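Pasting the structures here.
Each of the two complexes below includes subunit A, the first together with subunit B, the second together with subunit C.
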Partner chain A sequence: MKNRRFLLVGSDFEPFCMALYGQGGIHIPKICADGGVRFAHPVEGELPDLSLIRTILPLKKYLFPPKDKVLSYSQDNGYQPVEYNSGKLLIFGVHPCDLAAISYLDKIFLNGEPDAFYLPRRKSLALIGVSCMPDKYCSCGDIASPMPADCDIFLYKIETGYMVSCESDEGSAILSPLSPFLHETDILPPESTRDNFSLNSVEKFPDDLSGVSSELQEMARSCLGCGACSICCPTCYCFDLLELPSLNGERAERFRIWDNCLYQSHAEVAGGYNFRKARTERFDYRYRHKYLGFGQLQGIMSCVGCGRCIANCPAGLDLRPLACKALKESSHAATSP
Partner chain B sequence: MCDHTNKNIYLPYLATVEEIIDETPDVRTLRLVFQDEKVRDSFNFRAGQFCEYSAFGAGESTFCIASSPTRKGYIECCFRSVGRVTEALRRLEAGETMGVRGPYGNSFPIEDFFGKNLVFVAGGIALPPLRTLIWNCLDLRDKFGEITIVYGARTEADMVYKRELKEWQERNDVRLVKTVDPGGNGSEWDGKVGFVPTVLEETAPLADNTIAFVCGPPIMIKFTLPVLEKLGFSDGKVYTTLENRMKCGLGKCGRCNVGNVYVCKDGPVFTAEQVKRMPMEF
Partner chain C sequence: MPPLLPESAIIDEIIPQTPDTTLFRLLPKERVKRLHAADFSPGQFLQLSLPGAGEIPVSYCGAPGEDGCIELCIKKAGHVTEFLHSRSIGSVAGVHGAYGNGFPLGIMAGHDIVLIAGGLGIAPIRSLLMSLLTRASLYRSITLLYGARTPDQFVFRDELILWQSSTALKTLFAVDRSDGVVSSGTLSYTTGMLNMAVAELSLHEGCIAALCVPPAAYPGIITELKKQGVEDENIHLSLERRMQCGVGRCAHCAVGTMLCCQDGPVFSYAGLRGIQGAI
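Our next item is the complex of A and B:
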């Protein structure tokens, strides 16, 4: 069924979902008991709420958990590696921005020597994407992303239900038993937010931020340094390695934990010297990482426009105007004599 | 997605502390021997590279490999006890076990220096990152021209590798100029008194066919680079090695970036030309 498209009429959506749930572990976007929107297990008969705009945390929580044990140590056996063999998990209802973010994380953790903790988790995830309707915080249409919104199956919302696009062998295996609900079509997929991703010609952000330095300073002054933007960002992956010993000192465990470039401790070294002491420097660092990229990923914008950082910022900060202005300034500079 | 071996990059090799040398009251050298014979044979590094050193129950710290790649069978690290991990490493006794993973980062392109004069400029605890290269060059002495070492510390007691300083001083194929900050000299002090940049200017090594290496606290580097420029060294002929906060050593954790450069992967060895392009304040 790979590379074929099918129509799923609205009245078949519920039985389609129930049959899908029967295949094993599945998470859907839902409003949880505390009111938060998360990817989580559906309760008996619960349908995915595909109208929800954004979950609190993006999918990195599955691939790169906030606290991940990487080694254990005992006096008798020294350091022992931790191995992961996660069971299959299907995530149903992933928006294009979150899919694009996974493409970016893949570049970080799988290029070159693949990460031993990310790889098995990544292999165990099957992804069903869905087209969406952006809200005021989304920016997937404003600044285009070069990252592809790849997945196993993608659902385009259409008037009569969904157009189901099967995009991988894994997607094929998932959809085969569901074929009674699917009617093949050769109609092209409708326009959707997915079109904002995987673009070849992406505007390059200027490396020189002098044109926006006053705005950057101004925003940094309002920043509370809470780091919420980085925690909820689908492409933020800075981490720390932390070793926690048992009280008697006989055992220890080493964890990879999420870190945050807005925290004062991020670039602080033993002895107290801090490579990014001022909040403006940390703000500048975050901006550069999101829009300019580092190292091998230099020039690849990692902001996918999900809007989580804006929706969750207690100070109401929004990097988008800054990025747009920087782009505009550089195009001015390029065209002026 | 491609199928690869599932290698845990965080797993350290086990190493035995073979020898402990107290360089100053709070700076210590550990000589380490890998416990696995295969690792001992296969562990190759170049001058300038660094490792992540583990103290059980405390975590990891980043230091350069301070010994020379020409000295086989062991590696040495040198550190000041200032934090959780370094305090724990300091508690280790000879014969005890610790962890090491690496080597990481780039290195000094030593082959490019063959036939040239070398000037090493170091301050305080920043001698170890250059000491690996100094010994590497001294062990291949006939491949280089004149070798000058300018080393300064706050006080005589703060100087590391005192035995080796003496050895370099006595060798006639090395010119050692050592200095302490004003007030840091004891009654027996036989070196100069003054800050490193000033002493370097007085020493005035010829820039012609010469490569300079600078390593020290940011303030020393800041004032030394203009002196080298004044002496006629172009930025491409001046090397330094940077050390930022690092956690993974592999260009992933996002700690050590300066601008778009990963110090751990693209460095730690950079030319002054590269450093001047970085958005960083010395």
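Our next item is the complex of A and C:
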């Protein structure tokens, strides 16, 4: 079924979902009891709410949990890696921006020697994407990520239901038993849903941010340093390592925990020297990381335009106008004689 | 071996240098094996684990050798290093590495070499110096300038005395303040900031400088080096940053858009020009 497209009529959506749920572990976007929008287990008969625009946390919570035990130490065996084994988990209803974010995280954690803790989790995920319409916080239309929105199955919303596109062998294995609900088609998905994400994709952000430095400084002065933007960002991945001993000192466990570049301790070294003591320096660091990329990912913009940072910023900061200005100035500079 | 997994080593020797700084010699726990982390070049670093305390990046301070011994000169400055100083001979440690880019030994032959260390910056500089001294005749000249805050804070004192009387290199030791101490064994030193001591060296074009000094000391020293005609491409700096993972994934140690753990910790000054916050 790979690389083929099918129509799923609206009246078949519920039985399609129920049959899908029957295949094993599945998480869907839903409004939880506390009012928060999350990817979580459906309760009996609950359908995914595909009208929800953004979950509180993106999918990095599955691939790179906030606190992850990575090593255990014992006097007899020294340090040993913690093995992670889990069955397949299907995530249904992932928007293109969140899929692109996974493509970015894959570059961080799988390029070169794959990260031993990310890899098995990544392999255990199957992804069903769904098209969406951006809201006021999204920036996928203006400054879209160059990352591909790869997934196993993608659902395009159309008037009569969904167009289901099978994107991988795994997607094929998932869809095969669901074929009674699917009617093959060679019609292309409508423009509005197909291209909304990849429109205006930014291949390379300008290296020189000097044209926006005064705006950046101004914005940094309003930043509260709470780190909410980084916590909810689908491509923020920086981590700290924390080791906890047993009381008798014979055993220890090492955890990888989410860190945050807006926190004061992020650049502090032994002896107390801090390379980014000022909040404005930390704000600048985050901005540069997002738009310019570090190390092997230099030149790859990691903002996927999901809008979580804007929706969650208590100071109401919005980097989009700044990013747009930087892009505009660089394209202007490129075209002027 | 999976990355980030420490190999088991034991502390084989503990040689106090100052009240808060100690030289530790590590060997593999299983003596027949060689630690992967024992293969390095001067200027690289390893990640040192103390079970129950955690992991820290540390520069090698010895020369890479056939004995597979790892030398680390460590100051009590945080909870891992405090814990390390409470350990005794035979205690277990974990190591993994080597990481990062070291000093460019390959381009140094035939040149005047000046090594500048401030405080514990002597650790990677000693590693480089020991490597240079194994084939000293390859280099036009070798000069070591080492500054400490006060005379009692010089580490590797016995070696400093030997180097001071050696014909293979010139030495200049400086202290920020002498605190009324007029002599310190047979070690001679001047009083004044490191950049003032650099001004006293007579360097010229073609000289290659390798530096590891506290962050605040870099600008003054680089200005002096450039004044004396040392070219940006020939100034090599070992930068310190918070490096949690060593493999370019934890995103703490960026210098501009480069990563200190992978693109450094040794950078040429030419590569750092114009990068805000680099030095």
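Just so it is clear, the second predicted complex is superposed on the first by the 320 of 337 C-alpha atoms of A that agree within 3 Å, B and C clash if a C-alpha of one lies under 4 Å from a C-alpha of the other, contacts with A are read in each partner's own complex, and residues count from 1 in each chain.
Methods note: contacts are C-beta pairs under 8 Å (C-beta built on N, C-alpha and C of every residue); 3 or more make two chains touch, one makes a residue touch a chain.
Since we're looking at a predicted model, the values are computed, not measured.
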{"item": "Simultaneous placement of subunit C and subunit B on subunit A, clash or fit", "value": "clash"}
{"item": "Which of subunit B and subunit C A:T160 touches, first, second, both or neither", "value": "neither"}
{"item": "Subunit B versus subunit C as contact partner of A:S222, first or second or both or neither", "value": "neither"}
{"item": "Partner chain in contact with A:G249 - subunit B first, subunit C second, else both or neither", "value": "both"}
{"item": "Partner chain(s) touched by A:K123 [first = subunit B, second = subunit C, both, neither]", "value": "first"}
{"item": "First (subunit B), second (subunit C), both or neither touched by A:L110", "value": "first"}
{"item": "Residues of subunit A that lie at the interface with subunit B and also at the interface with subunit C", "value": "70-71, 73, 75, 78-79, 81, 108-109, 113, 115-116, 237-243, 245, 249, 252, 254, 259, 261, 266-271, 273, 275, 285, 288-289, 292-296, 298"}
{"item": "Parts of subunit B lying in touch with subunit A, wherever the complex brings them together", "value": "1-2, 4, 6-12, 14, 54, 56-61, 80, 82-83, 85-86, 97, 99, 218, 243-245, 247-248, 250-255, 257-262, 265-266, 280"}
{"item": "Residues of subunit A defined as touching subunit C within the complex", "value": "70-71, 73, 75, 78-81, 108-109, 112-113, 115-116, 237-246, 249, 252, 254, 259, 261, 266-271, 273, 275-276, 281, 284-285, 288-289, 292-296, 298"}
{"item": "Subunit A partner contacts - residues on subunit C that touch it in the complex", "value": "2-6, 8, 29, 49, 51-56, 75, 77-78, 81, 92, 94, 214-215, 240-242, 244-245, 247-252, 254, 256-259, 262-263, 276-277"}
{"item": "Subunit B-touching residues of subunit A, taken from the complex the two chains share", "value": "70-71, 73, 75, 78-79, 81-83, 106, 108-110, 113-116, 119-120, 122-123, 207, 237-243, 245, 249, 252, 254, 256, 259, 261, 266-271, 273, 275, 285, 288-289, 292-296, 298"}
